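One chain, subunit A, links the two complexes that follow: it is found with subunit B in the first and with subunit C in the second.
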Partner chain A sequence: MKNRLKVLRAERDWSQADLADRLEVSRQTINALETGKYDPSLPLAFKIARLFGQPIEAIFDDGEA
Partner chain B sequence: MTTSALKRGPTPVRLALAAAGMVVGGGLGWAIGRLVKHGGLDLSGAGWSDLAAGTIAAMLLATGLMVGLASFNARIAGRMMDPASDRPARPAQTVFYRQQGVVMALAGVMLAAPVAARLLWAPLPAALAQAVMAGIVALFLLQTLLNLTVWMRADEMMRRMIAESGSVCFWVLQGALFLWAAAEKLDLAPALSAWDLMTILMGVYLVVSSVLSVRRGFS
Partner chain C sequence: MNNRSPAGRRYLKRFIPAMIVYVISIFGASYGFKLFDLTGPVAWAVAIAPALPILAVIAIMGLYIKEETDEFQRNVLVESMLWGFGITLAITTVWGFLEMYVHTPGLQSFWAFPIFCAAMGLAQPFVRRRYR
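So, the complex of A and B:
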């Protein structure tokens, strides 16, 4: 699944480790999310959406729309 | 730190870890070789699964010790957990890392104990066998507790990798076990012992979990 995590993170000048701390996951999880190697659970997707103040579908794209 | 930083290839830390692994592995191999050569360890009675289990145990023990020792230094632990970052590990991360090291080391000790007991004492006295078994059960309970703690403290991707490793191993091994059992029933394949099966399970689990970890960006 594609996502805009890297862009949103860069806009805030956060490192992967900074974002990992804010989401309480490992830095490797952030890297796997950004590179599309891992799709987050629904709770984590909501947490990401709340952190960036955007709806989930504005961050994640399943390619179906 | 960015994704591109992760794609630069081997970092000095990775190379240092690989070198440390080679030194530890080489040293262990040399020591075992010396023991065998000078009659301290007779491997003539060891089956293929004993040798494989011993090798896996040595790998687990060496890795567990390396991880466990590294966890006492926040900077080294930080680099080992994340070679692309120079941030020292936080206290909670070092404890988590240490727990993983202890889990690996305990797995190595438990795996090596029955094989070592049989090789060092032949024939193995019943009282000693019972003492070794009691020790293994105690370590097993401790390791189970630590494993549960690691599971509870892990983030969701790590939990998913653990669960996926278990699923893949189950589907691969139940198929392989069925085919082998059928062949054995038809007198087309030799019988396997519980130890043989356990060694295969451990080996397959380590390979599967390593592959899944690398696919998710752990290396």
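So, the complex of A and C:
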């Protein structure tokens, strides 16, 4: 699924490792999310949305809307 | 396995002692049967001894999956395990029919677990590559 994680991360000047620490996941997980090859579970998607202070649908795009 | 997560570290803390017990018990059982004429319940107990740490390792793998909080790492491991199960079932099925009809040498069933581990280990980098 397409997402704006890389952009949101860059805006805050965070490395993949910084974001990984904040979400309590590994750096490989951030990479898999950013490439859009791995879709997060709903709990992780909420955690990401809360961290960036944006609704889930502003970060992830399932191509349907 | 993600060795940097708390669950990964707990996995190693459980796995290493289990493997040490395994090595000791397999040497113990081999020498036991070589040096003594073991029969009856004692023979059964000594023969089963090396299997017990392997049963523990199966449980330890299950605990890791239960305890790993990084869902992507858990997902990679579960997918790798499915490859491991599939490859193990494929090898033992083909081997079994060869054994039955053309009498190839028998594959002792304890090999199922090492085959599973090897297949799972080999599958992991390929599973990871799909998410890069």
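Here, the second predicted complex is superposed on the first by the 65 of 65 C-alpha atoms of A that agree within 3 Å, B and C clash if a C-alpha of one lies under 4 Å from a C-alpha of the other, contacts with A are read in each partner's own complex, and residues count from 1 in each chain.
We take it that a contact is a pair of C-beta atoms (placed from the backbone, for glycine too) under 8 Å apart; a residue touches a chain by one contact, two chains touch by 3 or more.
Computed from a prediction, not measured in an experiment: that's the story for all the values here.
> Do subunit B and subunit C fit side by side on subunit A after the overlay, or clash?
Subunit B/subunit C on subunit A - steric clash.
> Using the touch definition from the top, say if A:47 reaches subunit B (first), subunit C (second), both or neither.
neither
> Spot which of subunit B and subunit C makes contact with more residues of subunit A, would you?
Result: the larger residue contact count on subunit A belongs to B.
> Identify the partner contact of A:22: answer first if only subunit B is touched, second if only subunit C is, both if each is, neither if none is.
neither
> Examine A:31 and indicate which partner it touches, taking first as subunit B and second as subunit C; both and neither are also allowed.
both
> Under the stated touch criterion, which partner chain does A:4 make contact with: subunit B (first), subunit C (second), both, or neither?
Once the two structures are laid over each other on A, A:4 reaches no partner at all.
> Could you list which residues of subunit A make contact with subunit B in one structure and with subunit C in the other?
24-26, 28-29, 31-32, 35, 37-38, 40-41, 44
> Can you name the residues of subunit C that touch subunit A in the complex?
That would be residues 2, 4-5, 69-73, 75, 128, 130-132 of subunit C.
> Taking the complex as given, what residues does subunit A use to touch subunit C?
24-26, 28-29, 31-33, 35, 37-38, 40-41, 44
> Which residues of subunit A touch subunit B in their complex?
Listed in rising order, the residues of subunit A that touch subunit B are 6, 15-17, 24-29, 31-32, 34-35, 37-38, 40-41, 44.
> Quick one: in the complex, what on subunit B touches subunit A?
Interface residues on the subunit B side: 1-3, 6, 81-82, 85, 87, 155-158, 160, 215-218.
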